[in-house]
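Look for chain A in each of the two complexes below; its partner is chain B in the first and chain C in the second.
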Partner chain A sequence: MIFQLAVRNILAHKKRSIVTLILIASSTAMLVFASAWMEGSHALMLKNAVEIYPGYIQICDKDFPAATSYDHLIFDASAIEKILNNQPNIASYAMRFESFVLFSGDEKSVGAMLTGVQPAREVYLSRLAASLQRGSYLTTDDTNQIYIGAELAKRLKVEVDDELAFVGSGADYSFTADKVIIKGIFKTGLFDFDASSAFINKKYFDHIMAAQNLATQFVVLPKNPQLAQQVAEILNAELSIKVAEQYQAQSWQQRMSGLVQAMELDSMFGYITLGVIFIVIFFVVMIYTLLAVYGRVREIGVMRAIGTTPSQIMAMLMLENGLLASLSVFAGGIVGGILAVYFEYNPIVISGMEEQFKQYGLAVSSMPTIFMPAMIVRDMTVMFVLTLLSTLYPVLKVNRIPPIEAIHHV
Partner chain B sequence: MSLCTRSLIVLLLPLLVVTCCVAVPLVFALDQPAAEIIIQRVEDNLNGDSLVMDFTMVVATQRFQRTMRMRSYAVGTHKSFVQILYPGKDRGITFLKIDNAMWQYVPRIEKIIKIPVSMMLQSWMGSDFTNDDLVRESSLSADYQKKILSADGQMFLIELIPKDEAAVVWGKVVMGVDKGNYLPTKVSYFDEDGLLIRELIYTDVQQFGTRLYPTRWIMLPKQAHKVGHQTTVQISNLVMDSEIDPVYFTKRALKQFSQ
Partner chain C sequence: MFSMTAKIAWASLVRRRVRSLMVVIMIAISLWGLLFIEGIYDGMTEQMIDTAIRVDCGHISIFAQGYRLDPDLYKQIADSAVIDEVLQHDQRVRSYTKRLQQTGLVSTAHAARGASIYGVNLQDEERQCSLSGYLYPRANSDRIQREYDFGVKLCGALIGYKLADKLQVKIGSKLIFSAQNLQGELQSMVLKVSGVLKSNNMLFDDKVIFVSAATARKFLGLEGQVSHVAILLNDETQTLAVQQELSREFPQLEILRWDQLYPALLQSRQMMKVSNMVISTLIFCAVSLGIIGVMLVSVLERLREFGIMQAVGTTFGQIRNIVVVESLLLGGSGFILGAVIGGLTLVYFRAYGLDLSVFSTAFEQFGMDAVTYAVIRPSFFINAAIAVLMSTLVSVLLPLRVLKSSQPVEIISKL
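Showing the complex of A and B:
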């Protein structure tokens, strides 16, 4: 009976019902879309930051991240390889040796990183090959050919096929120098990285830098990148038993914890901003419901006079609002979900923002949303609860009016 | 004692006390050279008008020890030229410093490389000395304010704080100087946060002609990640204040005296 009354009242006051429906549905759609956009763009920033070069998991000496010296190398790379070859949850891995050298072109000398990499393996672990801009990427047969960042090439005033010299220290701290030919130039979009990085085939690098069976780190790609932390823990257990406790495997969440925290902080501020907006919506709905309910004071007074109890009145009014909220939230969730799916595959491009993101070491040119049903359901639930709460006060207030006073209400 | 004598004593005694309080420290201070003069004498003793030096540098790390032999030519504190004589694979590498600029020639790649300012704090030839040490060592007298911290016993302890306009890498330098021969004994280098970064110890003073000179220099890094590192310079031959062919201090010399 109460349910029927609630449905009848919704249909009887069409204008009020439609306005409430539109208000709640659009708010829900906005919340769903904003959450999807925030989380989607953060996920892309982190994915780019991880996949461009650092990788999902890195294995290195425990002291290496804090003090990048030749005293903290991986001194038995083959032992690490043996462990990684027997791991079923790893898709690919590669070793790298990073060193700091002085490059010298015809006109300028610049200090930068020269990293020995395994070119064929590196294709699966980073975006170096995919970032090729001019020339060609390295192969496993290359000798003194290097693959250089676009900004570094600009600083050195060199192009593909030009010759460069470099001087530096070998892994045994001896003086080392060589001439190299630029085989390819890459551009990842990360200015600092492109301005300070060059890569060379590790086989040749080992020869000139006395780095045989040595590495500064291994980069590992798990079969499921979402499980990077769990795989890193498994590797740590294997490393401490089979090689040395001195080596550690760290997931990207551990190594790039600063960036992760920055994204979480950005999300938090985003949700706070949304929260402020929804507080306003809360009071708008409350006031609108108050006006709508006060317009029915006489009706409620008559119902009370003929024997309807206050709790029945309350149940009827809350059921009305609950039904409206459910419909609105459902509609808003559908609209927001459609937008989330669309913009996931057609990301929003904000030209001019690239330079700002570069300052944070992020290569981002577009901002996609992410479609996550669990997140949509969460947002819909939040809006539903918010809507019900906003109607609670008006319902309680009108229910307290004595029946005789209510009947005579104008 | 007569009234006259007592009056004289009463009048003169305070004057005598004040004079002693002022004059005695003044006498001692005047007897002690100013910090600027101490540092100037140290630099004169270390550099002279010119310096030709044969030395061996041993670079020790936790994993390796390397030995290099070199010869250097220097005129004052503004020009120097260094030849690497040993080991064979580094033989022929030359360095030229003129004022604050530095060049290197590597015969293996047949290239003269100018060391940019951004590389000044990088290690020189894999040792615990930096390129900046070779370029900037002359600047102690010009770029620092000096203060004598103590003058007890056989040693002066001088504190050197960079002047505001000086582009130096250290926050503070503390130098121990032997009072007898005005040669440094130990130099401690601190960063801008006051953290001790390294110490350079001068020992084994020997006579070369009329000059005394510390023939053993030990550079000890104090940073945590450089535990076990040490660079030792052992001077085997030294000639000061001789005529050096100015051609050594030209870029042409980098290749000409490479082999």
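Showing the complex of A and C:
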């Protein structure tokens, strides 16, 4: 009976119902889309930041991230290799040795990072090979051949096959200098990285830098990258038992906590903005509900006079608003979901944003959405609860009017 | 007559005080939210721009032709005395500083990094950006890192805190800086850290070592040349005019505005404007819907009242005025309340700032200050007033149309 009355009332006040429906549905669609956009673009930024070079998990000396000096190296790389070889959760791993040297071309000198890498393994762990622009990528048999960032090559005024000298210090703090041939030039899109990085086969690097069985870090790719944190914990347990507590495995969430926080901050500002818009919509829905129930004060008075209890009237009005809210939220969720799917495959490109991202060291040229059903359900629930809350005050207010006064309400 | 119209409109609003109050609160809250968003977001952008201008490029930067794209020791400003002459006599110039720059490798006994030396005059830097104010006191340091000096032998160096952390150095630590000199030879010099700086400019905190101009000149084998002149103006709006005049004066040099050197920051400012406009439009569309609903019901409820008024000689125009004034009273009250609350909120955050230290790692990574100070601009209030006015006026169109088509006189004759 109450359900029938609620449906009848929705249909009887078509205009109010349609306006409320459009308002809540469009708000829900906006929230679903905005959430999908924020999450999607943040996920892409993080994925790019992780996959270009740092990797999902890094193993290094506990003090190395804060003090990247030769005092905090991994001094027994083979022991860590043994542990990693026996891990079933790991898809691939490689060791690296990062050092800073002064490169000199024919005309110019620039200080930059020179890293010894395992070329074949790096293919699975970073986008170095995929970012090749000219020349060719490194191989495991390379000797004095170097793979250099495009911006660094530009600064040094060198090209593929040119000769480059560098001076630096070896792992034993000795003075090191060598001449290398540029084998390839890469461009990842991260300006700073491209302007300050060069790579060389670790076998040769070990020879010139006295770095045999030494590494600054191991980069690990878990079979399921989503489980990076759990795999890092497993590795930490293994490292402390089998090697030394001095070494630690850190997931990208720990290593790049600044970037993760920045994304959270961006989301927070996004939700504050949406929050302000939704507060206004909350009031609009409240006003419309107030107008609608006040338009029916006499009808409610008559119902009360013939024996309908306040709780039944409350139930009828709440059901009416609940039905309207469910329908609107459902429609909004569908529209928002469709938009989320569409823009996941057709990312939004905002011209000029690329420059801004580049300034902050992020390689992003488009901003896709992400379709996550759980997130859509969360947003729909939020909107449903908000809508019901906004109708609570008018419903309680009208229910408090005495029946006689209600019947004579003008 | 207007007084009568206003009295009737006011009486009508007071009679339906709950809904009137709701509309006023809705407008006030939307305005408060909008002002908060605009003030804080603008504050964040302006702080980044301000840091870049003060610490790095000034409003205008002068380079030798081609230096910016290819920073070469051969491409220096040869005669900076002529520039001194012009800038010292220009009343629009607040301060300027001359820098000699070269990239290289900085190393300690245990670590090395790519870095740039900036040969500067500390007095000029102090006038330009109060550089000493950026000296970074470190709680866990055994010495207070607050020495704004290059020492008697001029071998002192002020370095960014990120670079200091990476090299694990503090005041008194020795650094070796290696780079190419004008003759193309690689050479090194020993520097002693005399201060650590935290400027919130990513480049400066991560890669720059300030040394005495004389030391840099001697090390690089240069004489009177400088790499970069950064000029700070008294009034930012004069940037273009000063740039054009300097370009005419020194056609052989490259003279660039801050927004040409930091296009991303200019884009941030523009994006912020567009974003504020979109948010404002969305909010006031919703506000309009709220007012439309209230005004429409208010008009429909009073059709008999309007019918009687028309029957006793009130013209449609006078009734229209009552409805419009009602709507304006609602909008005006909401605007005043929202503007006062929003304004006070912004005054508070302009004075004390919005402390987001909980996200300090993120702010540090991107070279931003964790405390954002709000900006208050008259345009926030003017634009909001226009938006409220438009919302209120647009929202009476439909009720007035309904009122005109329903012919109240006929309605009372039927009752």
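Worth pointing out:
As a working rule, the second predicted complex is superposed on the first by the 410 of 410 C-alpha atoms of A that agree within 3 Å, B and C clash if a C-alpha of one lies under 4 Å from a C-alpha of the other, contacts with A are read in each partner's own complex, and residues count from 1 in each chain.
Note that in this section a contact is a pair of C-beta atoms (placed from the backbone, for glycine too) under 8 Å apart; a residue touches a chain by one contact, two chains touch by 3 or more.
The structure presented is a predicted model; accordingly, all values stated were derived computationally and were not measured.
Considered on the superposed chain A, chain B and chain C are sterically incompatible, since they clash. In the superposed model, A:Ser169 makes contact with both chain B and chain C.
In the superposed model, A:Val110 lies in contact with both chain B and chain C. With both complexes placed on chain A, chain A has more residues touched by C than by the other of chain B and chain C. Of the two partner chains, chain C is the only one that A:Ser99 touches; chain B does not reach it.
By the touch criterion stated above, A:Asp71 is placed in contact with chain B and with chain C alike.
Contact with chain B, but none with chain C, is seen for A:Lys179 once the two complexes are overlaid on the shared chain.
Once the two complexes are overlaid on the shared chain, A:Ala374 sits clear of chain B and of chain C alike.
Of the two partner chains placed by superposition, only chain C is touched by A:Leu290; chain B is not.
Residues 66-67, 69-71, 100, 102, 104, 108-111, 167, 169, 173 of chain A touch chain B in one complex and chain C in the other. Listed in rising order, the residues of chain C touching chain A in the complex are 18-19, 22-23, 25-26, 29-30, 33-34, 36-37, 41, 71-72, 103-115, 165-166, 168, 178-180, 184, 186, 262-265, 267-268, 270-271, 279, 282-283, 286-287, 289-290, 293-294, 297, 356, 359, 361-362, 364-366. Of all residues in chain A, only 19, 23, 66-71, 99-102, 104, 107-113, 155, 167-169, 173, 196, 257-262, 264-265, 269, 272-273, 275-277, 279-281, 283-284, 286-288, 290-291, 294-295, 352-353, 355-356, 358-360, 397 touch chain C in the complex they form. Residues of chain A that touch chain B in their complex: 63, 66-67, 69-72, 100, 102, 104, 108-111, 165, 167, 169, 172-175, 177-179. By the touch criterion stated above, chain B contacts chain A in their complex at residues 59, 61-64, 66, 89-90, 93, 104, 106, 108-109, 111, 113-116, 118-119, 122-123, 125-126, 223-226, 228.
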